[in-house]
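Below you'll find the structure, written out as structure tokens, and then a few comments.
Chain IDs A, B, C and D follow the sequence of writing; residue 1 opens each chain.
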Amino acid sequence: MYLHLAHLGVILALLAAVVPLPIRRINTSVRLAFALLGLSGVACAFAGGMGMLSNSSMSAVLPIGLPWLHSHQHLDPLGGFFLLLVGGVSGIVSLYGPNYVISSDVDSASTRVLAIFTGLFIAGMYLVILAADAFSFMVAWELMSVASYFLVAHDHSQAKNTRAAFIYLLMAQAGGLLILLSFGVLAGFGDGFTFSAMQNASLPPYWEHIAFGLAFIGFGMKAGIVPLHVWLPQAHPVAPSHISALMSGVMLKVAVYGFIRFCYDLLGTIHWQWGVIVLLAGCASALLGVLYALMQHDLKRLLAYHSVENIGIIYMGLGLSFLFASNNVPTLAALGLIAALYHCMNHALFKSLLFLGAGAVIQQSGRHDLNHMGGLLRLMPITGVCFLVGCISISALPPFNGFVSEWLTFQTALQGTALESGVIKSMIAVAAAALALTGALAAACFVKVFGIAFLGQARTEDMLRAHEVSAGMKGSQVLLALSCLLLGVFPTAAINSMEAIPAVLLGTGLKSTQTNTWLWLTPVSGQAASYGAPMVLSGICIAWLGAYVFLHPRRRKTPVRFSPAWDCGFGPLEARTQYTASSFSQPIRRIFRPVWPIDEKVTPPSAATNGGRYSIHIGDWAWDRLYLPLGQLIQRSARIVARLQGGNIRTYLAYSFFTLIVMLWIVT
Amino acid sequence: MDITVFTLAEQLILTLAALMLFTSFLLLAQTRLLTLIHIFALQGALLCATTLVIAFTYGRHHLLISAALTLGLKVFFIPIQLQKLVTSLDIKREVEVVGNPTLIMLGGAALVLFSYYAVLPIRELSMLATRNTIAISLAIILLGMLLIISRRKAIVQVVGFMCMENGLMFAAVAATQGMPMVVEMGVALDVLVAAILFGIFFFQIRTEFGSLDVDKLNRLKEVD
Amino acid sequence: MQNSIFSTYSALYLTLLLPLAGAAILAFCGHLRLGGKLNLLICIATFIASFKLAVEVFYSGSIITPSNFFYVDAFNVYLVLLNSFVGMTTAVFSGPYMAHEQEIGRVKNAGMRLYHSMYQGFLFTMLLALMTNNLGILWVAVEGATLATVLLVSLYRTPESIEAGWKYFLICGVGIAQALFGTTLIYFAAVQIMPDSGQALMWSVLYAHAAELEPTVLLLAFVFLIVGYGTKIGLVPLHNWLPDAHSEGPTPMSAILSGLLLNIALYAVVRFKMLIDPALGTNIAGHIMMGFGLLSFLVAGLLLHRQRDIKRMFSYSSIEHMGLITFAFGIGGSLATFGALLHMIVHSLTKSAIFVTVGHAAQVCKTQSIDQIRGLIKTQPEVGWGLLIGTVAIAGLPPFGVFTSEFLLFSATIKSYPWLVITLLAGLSIAFAGLFRHVQPMVFGDCPKGQIRIKANMWPVALHLCIILWLGIAVPDVLAGWIDQATIMISGKGVL
Amino acid sequence: MNAWILALIQTALLMLLAPLLSGWVKWIKCKMQCRRGPAPWQPYRDLAKLMRKEVVLAEHASPLFRATPYLVFSVTALASSVVPAFAVGLPTAAIADVIVMVGFFALGRFFLSLAGMDIGTAFGGMGASREVTISSLAEPAMLLSIFTLSMTFASTNLDTMVHFSLTQPFQIHPSFIFSGLSLLLVATAECGRIPIDNPATHLELTMVHEAMILEYSGRHLALLEWASMLKMLIFGVLITNLFIPWGIALNPGVVPLAIGTLSMLIKLMFIGTVLAVSESVLAKMRLFRAPEFLSLAFILSLLGMLSHVVLEVY
């Protein structure tokens, strides 16, 4: 029954894509489109939730698709979880959408195009999760990619945006082809393209490794794993903010869903080498993602790099789960999977919260660059507080949800002793250290972002004209912030509701979380590790209240006085003396220097220039070492091949003459 | 199987085939345009003779029509058109420098040998005495192509193209005693239309490029 | 009995006679204002006749005229339908387009008369090639198609178009001559075993006796045929004429050339392959086709990056797709053949739609060079979006039909030749990058000063894109049935 | 129910002891430098004076600036309730394990840095940037040493770790030595002691922790000072109880508790002296030599882990 509800959601999303066409007045059509998206989000979230809780899976066959392979759909706990995630976030974002789109001064034609492709994009994501055979999976997958390509190329006045959109679609297409190949390998042995046929395909191990390799690169390209992440920091900042929230928060999770579905459900047996590869890729993505994010001063580009980091953390959880599954310790594999899924949910929530906040700030101030922002907390209090909640969650600090999933990942790593090979144990330990470093650097990065954007003095006058955003935008941000807090404070309830997924995929769930009450989260056992999240929150409030009351009598007697800050006697310090984004991250840039291709140019003040010039550009090694040489290779080979078309008719005739002679020689 | 075994007609066909091969070689070496056109007309005549001989010896009466067509087209209409064109564009005396003639002649000889080698498996098949003529017709076709490739003048390329058509007709006639009538008519029609179109093109190229040198036609290219 | 013969085959004869008559009529009144409309009318009539023929074939299976001259079976009926449909939609576009060209003086009255009569003549030769049972007439029809379009390629009398016309004429002439030699060899092999020499060139008869033909002669003949008709398909070592011819002629001509003529040449090669495979036993013909197909697929993909003229770019894209289809036919097997046949339909629909949009784009920006075409979406949204969605469709992205056939081809290649899939993947990505690299700056961005809308009829493009979208999501059963019968004929076993 | 009361008593006791420990360290340092330093209980007087002083805020400070002291203090107080100082098996110990403790300190540091940047002057930004850099370098070393300990104790709950090492027969674990040393280095970095940051200095360009609380005054400064002293105490207790657990009360009887308190005081005096000696021997390092110091800590913890994996697993 829930599958039909989910299909209703999909139809609503498609309707949202079609509705803006006939209606003339642009505002009503945009509001109607986003209302429909909201409805489809709620329907799919409800269907997903129900699908996740009932640990049975429903399936249906639709009349569309190839004549002999009609499109199969199914909804099982894993699909239910991700449907809940996608539906929930797109429902909340549809609250944010209308005012944001209407108040951003873009001509009505491209706003209509934006509404159309948003509907297609969200419908594509639902269909990917519901698809149960390779063909409809691929059609939905690329519908999602193509629709998001048009969204990224929405503001196509600058060449930079179209170039980013081109790279995005090119990599999405290459990724899609690789995924198609991996399905092909499975279908080759399972003689059928439906997932059920693939499940009972028995592949020789050699082919299993090939299928896994193709799927890992294909899905990794879409999820943004380090060497393949190049499109992400270019495409996400260029799209409108509510779209980058959807793309960063939700589309990457659909790629993770595809990867989990492929490895656990379709491949079945998992080899330990896969765990090592996924763990290492996760570590590399997490570390490099956060290090590159630290160096950015474009707000949305920084958040995009953080998506790479969080996807890395999710892949670390998956890598650990693979390692335990291959050494047949299913309970710990289930713990690793739960940690990864929990982080998927958390990342979807706080990343879309941060992108919506960034969208509000950019829309009000018209500035993308952190070095031009400052002092926004006083002017946009609610957006500021919600953005602070987002920053705390992403930096994995205790009362909020980011901490719970990272803590679960640490606990999974700490159980590494259950494996017998020493090398893997030490690798896991170093991975845990890398995760800690990533967490701390993420905290450093978001101190920089919040401190420079919202606190201190305004660095440009544009900031002074910023004011609080409209109700819908505030409402969605508050909703996301509250859900971050809820998931942070009641983790046991959330994990119990996710119980059915590992039960279906790995055979066993996390039994130990049921034993204790909702107060304590004890993933492995009471003694091994426990985290009383509600107790922590109440403990902080009690201590805060105690200190406040204890100091109250003092307050009545000596009221607070305001005076200028300490300026070492030089006179009033204006905004230019404040730390900027690049100066804040300067120590880390000096310490981790080889990680980035840095070119700093300092032109001393001279007669010609009215003052000294300092410019710094942080590139991306993956782009310089991997993609540019590839592009040049294609150009060179194209130039060589172009000699074929020399223009002289006699050479053309000579070609056909020699082809004939060679063919005759071969045949006889 | 030496030549005496054949009947007189077959011997005649073989000699005509040899003569046609010789005319193709002459075309390759020829530098002056007018003589080139005359040799082409001679080759057409030889083809028409072969068709007549086969028509009488094997009683294929529909071949008579195609012989007449060949005579009309390849011996009179096309050579006269070309001659008028050459005189009107007064390029009679242009001596066209051919790559280096010895290399092309050696290439031609190699081509004949190669086409003989390529058609070898077919020889055992056909019981007809004229089975060797297939190798000769393939050689004529390849020599026609070689002529087109090696020369820069547009008119010479047309002659080369028509020489290939002669090779094809010779194959159809000698190897299989002629194709079905409707096919023969279709092929003849196509050759006629092709000749007319060549004429039209000559005028267009002449007006636009000022000369019929094919190497000037190289604006459309990717190399830059 | 007389009218019954005529009535039963009326659809067949009408489909052929209408374009022929049209060619004759338009030769005199092609230059008038109603020339374009008359041309459209005749195309509509031809389409209705071919539709009636298709319905007949659907109900009564394959039709063969008593004189054994015409033969319509499941393999060529939907190609006939496709031919007349694309002819009709392009005629819708060609009317106003050529009227515009006539206004700005690029084409004079004589040129218009020639254009319209040759338009119909070209359709007639293609339909004849599809429906004839006699392999000789098949050669004559393909040669006739070349002759009909040669003058149209050099219609504008610019040096480039004359050069393109000359190259097109000479290279195709030389190529097709070799095909005639191949047909002669086939006839030579058939005469050995066939008592009645009249029937020796009839395809249906040959298909019945295919096993008894002499293998060595057939193989040699196939070499000549693949090199001959390969020149017309545009397989790589022989492709040089195609980009020049398709980019220099008037755009409706390029649409039909790129969309339909290449299919006809490939149809001919597959007809011969159906004769050769049973005789030879081994799949050597398939391997040859795979070799040519893969080579042209990769080379054309690379050359896409070098383009500076928009129509040349899309003609290279045609070479690439034709290479892919030849590769698919080369692999053989039911899945690959089904995919290849579907790809023929979808490619011609998409490519003709793209050329129509390109024609309008060239008229909007008054140039064909990629660097000067900018801001199409801003100037004329329907042209801009048409071009973008067309390129997305031709690049093989899913919601559209091209992906369905590529999906089938991929799964077939994985089963039989897994290591070739890497080259396919690389080729597709390179071609995709090449296409989008050029199309994106053209479509997006602000429009340069003075670029104004033109009167553009985008209904044919919309119709084509909807059909491709429909084929992409759900292949209709009628079409699937036909393609499956054709697959059974070509590869021995069906897919459904 | 009395267990909860006992836990509250322990927390109160720890909070009261904190200023004494920092006074004691300063007193020992002055004694070693042959000068008559202030009495060990001087910090109590400072805190009381600050509580009464008038609060002066910067003009650009936002409400976050005023809320941070309370938050930092309450987080550190909660952390102190979790650490097993005098007795094992207290109910509050199950609230958080070691990694959550690290999270508490990270939360405190997060808000303190934000407060530093809120004033809108260069010093706050400089302090925040340096504090954040140093702490992110210290995190991996700290976590790897915890990882090594938990490999042996098979748990990260402090209670179980201490209980485990008390009940097991005495063994010398080479991995403990390495991770102990690494934890000591990390503790000096986290609490902002001499080799990384000089707590006593007010020279703008050298201070790290002080730069962030430069603008605080009155009761806010009192809370922050108290919180940093409490943090140093917690680190002291953590290190001593993990590596020298004997004397801690296993069951809540009166005698064991008395012995536990006594042993706790002795251990704190011992670790205070060690800290004082190291501070007077070493001098504050340039900021960009701190990474070498912390990479030494990381290498030590790495050696600890490797020695556990290679040597101690049978």
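Throughout what follows, contacts are C-beta pairs under 8 Å (C-beta built on N, C-alpha and C of every residue); 3 or more make two chains touch, one makes a residue touch a chain.
Note that the structure is a prediction, hence the values are computed from the model and not measured.
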item: If a chain touches subunit A and subunit B alike, it appears here; value: C
item: Label of the chain whose CA centroid is most distant from the centroid of subunit B; value: D
item: Chain nearest the overall C-alpha centroid of the shown protein atoms; value: A
item: Where subunit B and subunit C are represented by their mean Cα positions, the distance between them in whole Å; value: 31
item: Approximate Å spacing (C-alpha centroids) for the pair subunit B, subunit D; value: 101
item: Inter-centroid spacing, subunit D versus subunit C (mean Cα positions, whole Å); value: 79
item: Euclidean distance of C-alpha centroids - subunit A vs subunit C, Å; value: 44
item: Where subunit A touches two or more other chains at once, by residue number; value: 642, 645, 649, 653, 656, 660, 664, 667-668
item: Multi-chain contact residues (two or more partners), subunit B; value: 118, 121, 145, 148, 214, 217-220, 222
item: Pairs of chains, among all present, that meet the touch criterion; value: A-B, A-C, A-D, B-C
item: Subunit A-touching residues of subunit C, taken from the complex the two chains share; value: 166-167, 170-171, 174-175, 178, 219-220, 223-224, 226-227, 231, 236-238, 240-241, 243, 288, 299, 302-303, 305-306, 377, 381, 392, 395, 397-399, 403-404, 407-408, 410-411, 414-415, 418, 421, 425, 428-430, 432-434, 436-437, 440-441, 444-446, 472-475, 477, 480, 495-496
item: Footprint of subunit B on subunit C - complex, ascending; value: 134, 136-137, 139-140, 143-144, 147, 150-151, 154, 157-160, 162-167, 169-170, 173-174, 177-178, 180-181, 184-185, 187-189, 191-192, 197-198, 200-201, 214, 216-217, 220, 243-244, 247-248, 303, 306-307
item: In the complex, subunit A residues that touch subunit B; value: 642-643, 645-650, 653-654, 656-657, 660-661, 664-665, 667-668
item: Parts of subunit D lying in touch with subunit A, wherever the complex brings them together; value: 51-60, 62, 64, 66, 70-71, 73-75, 77-78, 81, 94-97, 99-100, 102-104, 106-107, 109-110, 113-114, 116-126, 128-130, 132-133, 135-144, 147-148, 150-151, 154-157, 160, 204, 214-215, 218-219, 223, 287-288, 291, 298, 301-302, 305-306, 309-310, 313
item: Footprint of subunit A on subunit B - complex, ascending; value: 114, 117-118, 120-121, 142, 145-146, 148-150, 152, 214-215, 217-223
